[in-house]
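Both of the next two complexes hold chain A, though its partner changes from chain B to chain C.
Showing the complex of A and B:
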């Protein structure tokens, strides 16, 4: 992880280089000016741990591949968005208007990303969001200069899981989810695909963020006679949910299928055996045996002594994506149109996100998606291993994009359930 | 309270002092007007934000410093206006000025309702009751997601045309904040304002003198809510975005802290407090991730060595140097 001192040092060396090139013609010196990247992450607040992993993943790529593209140094300024949209907005302004970054990357919490997206909508600064999953940013309210490189949307991820559940013989499922937009979208994708395929959503439970006690929900879930339970929790809620699911005796009785966050490394590495056998769906699977994933996981583990989570992985892949695009345009990041075009045209190969990843016309990636299961590695560490693969999954699943976007956004009241 | 005493004494020295004060005020005003010609857009944005929060802090000061009732709900009143402005423009298609007026009206109405409930109590009970009322607004904004966008909030497209230019917007906010300052100063120095100070110092005495204490506090609360609404309506245009963090407890605490750091009961201290807190936040967070800790230490130091706030302390020092 870069700290500020290192950053200052590298800036100092850059200015030294700049000073030594004074004799060159002005145009050459302009070319050698650094490419400035503004990286925003929650380094304080509820998602500080995830924010740290985000920066680590992004940083690992540059450590591995050098901080220079087309003769220009890469200069990364990290800002803390404090998991708060007002702070995020403030920091985005500082990065763009004072640090003069060429583009922005990052953020985790949807509302911070939405706030920054609304800001760059006005000034055209390119903004890349490997974690911000709010559906409408690449659907109904898309912004041309906001691209979801190496990212995902909530509803995208749970549709293959619904399909897999049907094929696995689950007919009746109940959902239990955090009551906010990301949860509504994750559940909505599942509920719509599952019911359209003939499944039945018996009941949906919505609990507030930071729920300490899940027993009221678990008690009701127990008596519903469902084939499986779909859980959608993030961070500490996910840890508590998994623990209480096991303590309540539901583990091993009713299979638990979940959003990717429940089985994410950031959650399961902190727990005992509670998350074992949880089935989830993601575009990344740290236990996959392809070369790219094995190399990335190995290097990440060596560097940071832990297995990578979704935050680190997506930002590692995001940095890789940006490198390809910037190389293609010869480092001329000042030309925003050209940069955005190059980013749109990238076909990412050899990343931990699978053999090939590219953007759809709406700025959202299409890639293979894994159905994965929590298992134990030889050394006893828990990780997700693939049990099925769905090729080329995009944000619209099998729907026609224009027709799909005519249906309302997922919310507590609209879950796309077909009765 | 001592704040009335210096105006009574009219020696030559105090004449000199008031002349100096005038020169000082003129200099500050000159600096405020000159800022757009010196600062870049980002710093001008910070200056604009300081002015907006100064209005919020002053509205808190009217209640806390003059009526002796410390509120913890002004962030919620502020944010109510912000929500209404963005919702009004987005969903009702209102022109921005109309939406802003509706926003301020809504904030004033909320303040009036809060006032009705809170005027009965004082002291720590007032603090707790207003805190709870503020949380109600926060809860509504968080849970009523069909209207408020829930956790994700609402995005607007308000800063178009001339408002998009940071200098123009700053100038506009400067004019509004000065108007708000002079209006509130006039208000607290009016005979009505003096009754508020009387209530602050001895509620029972004011009541026995025949003043309707409840009504006076109610009016002060509502008027202070009006100004918090003005700040919130401008904030909607400034940020172009609103989420529950705009109505959260942290926002109310922020407003109160600014008033306290600057100097409770000084009004002008709110500008100083807002400037100190926002600049510190900006400056410190550029150097360390633990900026909130640094801010906390600064607050503790201020409370230990200048509990009357920066402006309050300077005034005391100024008058001691006779």
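Showing the complex of A and C:
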């Protein structure tokens, strides 16, 4: 029979147990509890396809390598950010405050990433961004707990492309780009390096996102007498741009060089011959012949019946990166400082991003970068093959970081053009 | 104003007209602001894509897109819209819901990649016209747009059905009172409007490509066309399409930074002075 005293005792012991789980150091209870990862991706809206591939790439790593590190299960909660900063913020809150994830990964659209970054700035939750490319997140406005593992910035990718263009004999280039931060940065990196090397940017066209009809721009581009056109488009805009570029007869007449998104698998796989020969620059090239890339591309294709895009590749590599860091700290992800330190110290080898990848002191990766060209594989599928490699490219190119960060961020009005 | 940019504007206007004429028919006669019109356009494009991929016969894919969407219109009207007849707000909400459902369904079936309806070799490449080299497919869209206008104009002005529709736009109750089954006219009009969305999707699928959210983009354009042209007016839809098409093209050429404003700015001004649009009449 339970009397009052016994009852009091048992409740006391229950609350003692409860208290102990809270107050004991993380190390003691780390054994059983799973490591909770919050993965965010746009699964509806314009970027749904990219978001799906992001999740697929991330999942592929765990499928291949097991969902357990240092005796702790890996538990991934996927949330849809709907390409909308409000939703992204809500979902990040839910993941952190209700699901109690240990850290956040993901997002595609810059403004969703910025919304989440702003949120974790206040509470210190580690946030890893393999796709969010906004320059300043690892430059002028960097946040110590936001690290761009396996990621890239817009301006980083177009500088080697500008260098290659100069060496390839292009003197005059016009740019056409979506009018938002990512486009400004992509074009800015290109324009600055290209003009500093003696090239000339003849004209820059900025158009709104989701431009239905590119013909007005193509008509003007045709008459400029440039050696090449630099295109910066994402998603459906990229498909339309490539199609209309071909339909209006510019293809084959004026070479097209582009941001990596234009020639990304997510765009070119559903097109015909329109993207052939487009030159772009990325830290990843699905047609590269090194073992790590071949293995990854083979496994991805087998699992999902398509060649991997930048979204899948970066998140696969990101998962690999996190695994190394978490293993190093023995699975103790509750210690945020230790986790961030371990992530910073990773030297990633054997990933599809090349022989060795590591973070610079600002939390941004340094790796080999490919100049790549769209070609056809034996089976007729289009893919990017490398035509040149730039070793150890970081976000600051050949500039001194501190001096570089004194110049304004790229915008439509500041493109770093040297006249 | 070069011939080239003029053609750009006209070909885009032709596509807009095809989509917007269906929208304005439904809006004018049935008084339904069919927010699912864009979704029907997208679905039509995907049906065209599927049939073209399966059979390789371009014309058949077009007929399938029109027929399939007319059928979808029939189902939509008979199963859902009939319950909310006369309640405008409910209709708007219902069609918006249908639009979201269709959009998500297409995402599940076709994925989110950007697709383009394959075009036969005869329509690929460029042709020389008026001294400029211009893509054949866009000229084809222009021709279909003009043909659609003529066919609709003849239908509305020279046939009994057209007379009933016009009468219905003016006063549906009077038509019914004179012994006409107005419900059947309503249904036929709704299916015709839906079929035009399907036709637009089929053409637009090669012109603008198909991808999630393409539906809301075309919907915004066709609403602008109908608002400028005036509810239920075919000529209004044609004039509105040409205006929007030209504003879109020359706006991008002359004021690239203000590309959207150039379209919707004038629309706002027009609404301030002519709330019923250029050719609209009070109900």
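As a working rule, the second predicted complex is superposed on the first by the 389 of 419 C-alpha atoms of A that agree within 3 Å, B and C clash if a C-alpha of one lies under 4 Å from a C-alpha of the other, contacts with A are read in each partner's own complex, and residues count from 1 in each chain.
Throughout what follows, a contact is a pair of C-beta atoms (placed from the backbone, for glycine too) under 8 Å apart; a residue touches a chain by one contact, two chains touch by 3 or more.
Just so you know, these numbers come straight off a predicted model, no measurement behind them.
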**OP:** Report clash or fit for the pair chain B and chain C bound to chain A in the combined superposed model.
**Re:** fit
Original post:
Which partner does A:243 reach: the first (chain B), the second (chain C), both, or neither?
Top reply: second
Original post:
Looking at the overlay, does A:212 come into contact with chain B only (first), chain C only (second), both, or neither?
Top reply: second
Original post:
Does the superposition put A:401 against chain B (first), chain C (second), both, or neither?
Top reply: neither
Original post:
Which of the two partners, first being chain B and second being chain C, lies in contact with A:110: first, second, both, or neither?
Top reply: first
Original post:
Counting only touches as set out at the top, which of chain B and chain C does A:411 meet: first, second, both, neither?
Top reply: first
Subject >> Which superposed partner A:269 touches (first chain B, second chain C, both, neither) >> reply: second
**OP:** Go through the superposed model and pick first if A:220 touches only chain B, second if only chain C, both, or neither.
**Re:** second
Original post:
In the superposed arrangement, which partner chain does A:44 touch: chain B (first), chain C (second), both, or neither?
Top reply: both
**OP:** Between chain B and chain C, report the minimum C-alpha distance in the superposition, expressed in whole angstrom.
**Re:** 5
**OP:** Across the two complexes, find the residues of chain A that touch chain B and also touch chain C.
**Re:** 44, 179, 412
**OP:** Sort out for me which residues of chain A touch chain C in the complex.
**Re:** 44-52, 179, 205-208, 210-213, 215-217, 219-220, 235-236, 238-240, 243-244, 247-249, 266-267, 269-272, 412
Subject >> Contact set on chain B toward chain A in their complex >> reply: 40-43, 45, 49, 143, 145-146, 149-153, 155-156, 159, 164, 239-241, 243, 245-246, 282, 285-292
Subject >> Contacting residues of chain A [partner chain B, same complex] >> reply: 4, 43-44, 79-80, 84-86, 89-91, 93-94, 96-98, 110-111, 114-115, 117-119, 122, 134, 141, 179-181, 209, 411-413
**OP:** Name, in rising order, each residue of chain C that touches chain A in their complex.
**Re:** 2, 4-5, 8, 11-12, 104, 107, 111-116, 118, 124-126, 133, 135, 137-138, 208-209, 211-214, 217-218, 221, 248-250, 252-253, 256-257, 259-260
